[in-house]
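Two complexes, one shared chain (subunit A), two partners (subunit B, subunit C).
Moving on to the complex of A and B:
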């Protein structure tokens, strides 16, 4: 029999665990935006070496499952003498992984701008950095919003993978809960509701941002 | 230095790989006059125009604006970005595809260069942008974004953006080719007004009527060569060269119905 009470009771501990889900995906995307911008800049730079580096970065991180990346990072860092808490290692890995996708999102948005716009700016003597800050980036950011929201939602779900390095986020907390209550169905359904609630909120915020930016 | 010319083009060559887009071009653009570049598609007219403000880099020869070499400090030695930008400030350009910045209003499009390049305070720049827009007949559209303007209006904003910088030379790259026929007139009218004020203009165009009535000289190009430069009448009505005759015949056939 499905127990409504167990289902409702599961929300308390899972909501606590959701803090880690939000922390890992929130910091992960923040880190991913910064590194992604750098990788995108490298991919668009005049230097062959930088372009090559960006290409390798993107293909490695997109080509290896996040789960494997997490395990690699978790076991690799101590070997090279870096001891960081599991949470930090998880955030860094998620951020680095996201950077590959974000770099591609931005490269695509920038590439979608008609080259005539930068040409018109150059023709009246506007400096290259100003062309970037005033003409290219404002439009690229707006154009990339839907894809970035999509990436953030994927990250929230992918953050369930950091449970493998022992972080008590929603998925791991629900496993623990299921094991102690012997009520897996109720607990996992509660976990599903929590992920859904978070992602519906994010999608809503994304729509609001897009609407505002479109004016 | 020959100050009787606004632009002096001497022995200019331009290659795209093995393809030679410009072949030893010599052309003098007199100040305060309108020069139209005509010729079939792919003849190199736009390339030549774009070399004048160095949006397209020429490989050899010289282009001088009021005596000053553009793009190079010496043959083979490219000038700095800063120096090129200084020179471009004085050269307005209008493109076939308007190339307005869609995230800015008409007024912001015009004010941007004044703020970022001329360093004017925002209020000054906005006031001058408004003047320029009124001049092209768009005083009531200043707050519109480009998407809310017709093609003809967008092109007039683009002209306002260029003239607000107070250039000594204006380049027009097929300014009416992307417009619906009924919108061509409003853009040509603005260009005629500019010409009447004594602006030095170089216009790549397929509008033979404009070339006939407004140009002081017409240059005909084909296959990267400058075939002839002369008074409009002598190019358009009494062409000596067979290539010009054949081009005009095609033009007249296309426009006859």
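Moving on to the complex of A and C:
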């Protein structure tokens, strides 16, 4: 029935493929942080057009399944004349999708700051830019860290979808492995173990950050 | 861009849409039911059972839905679990959603003031009556926003079922695009369609939520 040997053997190739899972989710969150900051700034700006744009951006990316976004990006890029490798297209899509969630996380963190702090800072004559760089942003970033780790965990899981466009990450590698060994149960369970291990580590980091932020 | 294919493939897409909605509703109801059972067992069950359920929650929440589907659909037959794509997809959705719902129910139950439960016990209500008359009604109302929210998230997860060949909307759209080579149009329309669907469902959900929790808002 269950072959322990196949199960254990699957870990080698899948662990190699985990590099791509980490690469896609890691670069995805890095890109998401940058775009998310811009979208968050747009959402909080005084310009109505920018706020509208940010609202549409967030609503579209949160309303459309990532799998559809991936395929859309895949077929859209060549049509508009951008030819990038599949891996880059996958990272861009994951990053753009994450930006919508990250923008909301940051907006929430900034909104959670007591307004008395910025009012007090303004009252004693601190310049608006200094208020942002010295008072609002440092606190908001620290407060948002646990939520960002959570987002990274979601991205590690979401990165399994990029297997559909041919990236050799854990899921795709396990499909190949299952096809050659004819033992899908053992191989997919091994893949599940790898995801679980990555996410338990990340969850541990998240709890540690939460603990530190609470102190 | 060529749009006439949508007319030609209309009936097929409509069927796919039906399967998507069916999977979403059934999956949500079943996952919610299983989640509620898990949450209650975690509250009242013996310690080993609680511990086991916690492991279940961690494992399911720590692994991607797609991998869970692969284990179930391709790995299942090895241990005698032979399911067609659609039942496998529904079972997958149920398993995938249940820990999230269980956690939502748990925090809903925790939001019930302890004093209410103690008062019920003090006047001699039986434990089942306390669950039925106090814990569930109060807990469910405070869990409602999160329940609506996660049900909306599950709409989007249904497209992943297309990968194990459940004939839902995404599956039909991919079939259409490989037959007609209209990949971009097909996926663009699918994206816009899901955007509209999710926006509509969230609006209806928010209204429903406001209606059910109306009695909690103080009238001025």
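Keep this in mind: the second predicted complex is superposed on the first by the 209 of 215 C-alpha atoms of A that agree within 3 Å, B and C clash if a C-alpha of one lies under 4 Å from a C-alpha of the other, contacts with A are read in each partner's own complex, and residues count from 1 in each chain.
In this text, contacts are C-beta pairs under 8 Å (C-beta built on N, C-alpha and C of every residue); 3 or more make two chains touch, one makes a residue touch a chain.
Note that the structure is predicted; figures quoted are calculated from it, not measured.
**Q** Could you tell me if A:123 is touching subunit B, subunit C, both of them or neither one (first, second, both, neither)?
**A** After superposing on A, A:123 lies in contact with subunit B but is clear of subunit C.
**Q** Applying the document's definition of touch, where does A:157 land relative to subunit B and subunit C: first, second, both, or neither?
**A** Second partner only, subunit C.
**Q** If we overlay the two complexes on their shared chain A, which of subunit B and subunit C does A:189 touch? Say first, second, both or neither.
**A** A:189 sits against subunit C, while subunit B stays out of touch.
**Q** After superposition on the shared chain, which partner residues are touched by A:69: those of subunit B (first), subunit C (second), both, or neither?
**A** Second partner only, subunit C.
**Q** Between subunit B (first) and subunit C (second), which does A:176 come into contact with in this model arrangement: first, second, both, or neither?
**A** In the superposed model, A:176 contacts neither subunit B nor subunit C.
**Q** Which partner reaches more residues of subunit A, subunit B or subunit C?
**A** Touched residues of subunit A are more numerous for C.
**Q** Taking the superposition on A as described, I'd like to know which of subunit B and subunit C A:134 touches: first, second, both or neither.
**A** In the superposition, A:134 contacts subunit B only.
**Q** Can you list the subunit A residues touching subunit C in their complex?
**A** The touching residues are 1-2, 59-60, 62-69, 71-72, 75-76, 79, 153, 156-161, 163-164, 170-171, 174-175, 178, 183-186, 188-189, 191-192, 195-196, 199-200, 203.
**Q** Note which residues of subunit B are touching subunit A in the complex, please.
**A** 53, 55, 81, 85-89, 91-93, 95, 97, 99-103, 112-113, 116-117, 158, 161-162, 165
**Q** Which bits of subunit A are touching subunit B when the two form their complex?
**A** Residues of subunit A touching subunit B: 114, 116-117, 119-128, 130, 134-135, 138-139, 142.
**Q** Help me check something: in the complex, which residues belonging to subunit C touch subunit A?
**A** 58-59, 61-68, 70-71, 74-76, 78-79, 156-157, 159-160, 162-163, 170, 183-184, 187-188, 190-191, 194-199
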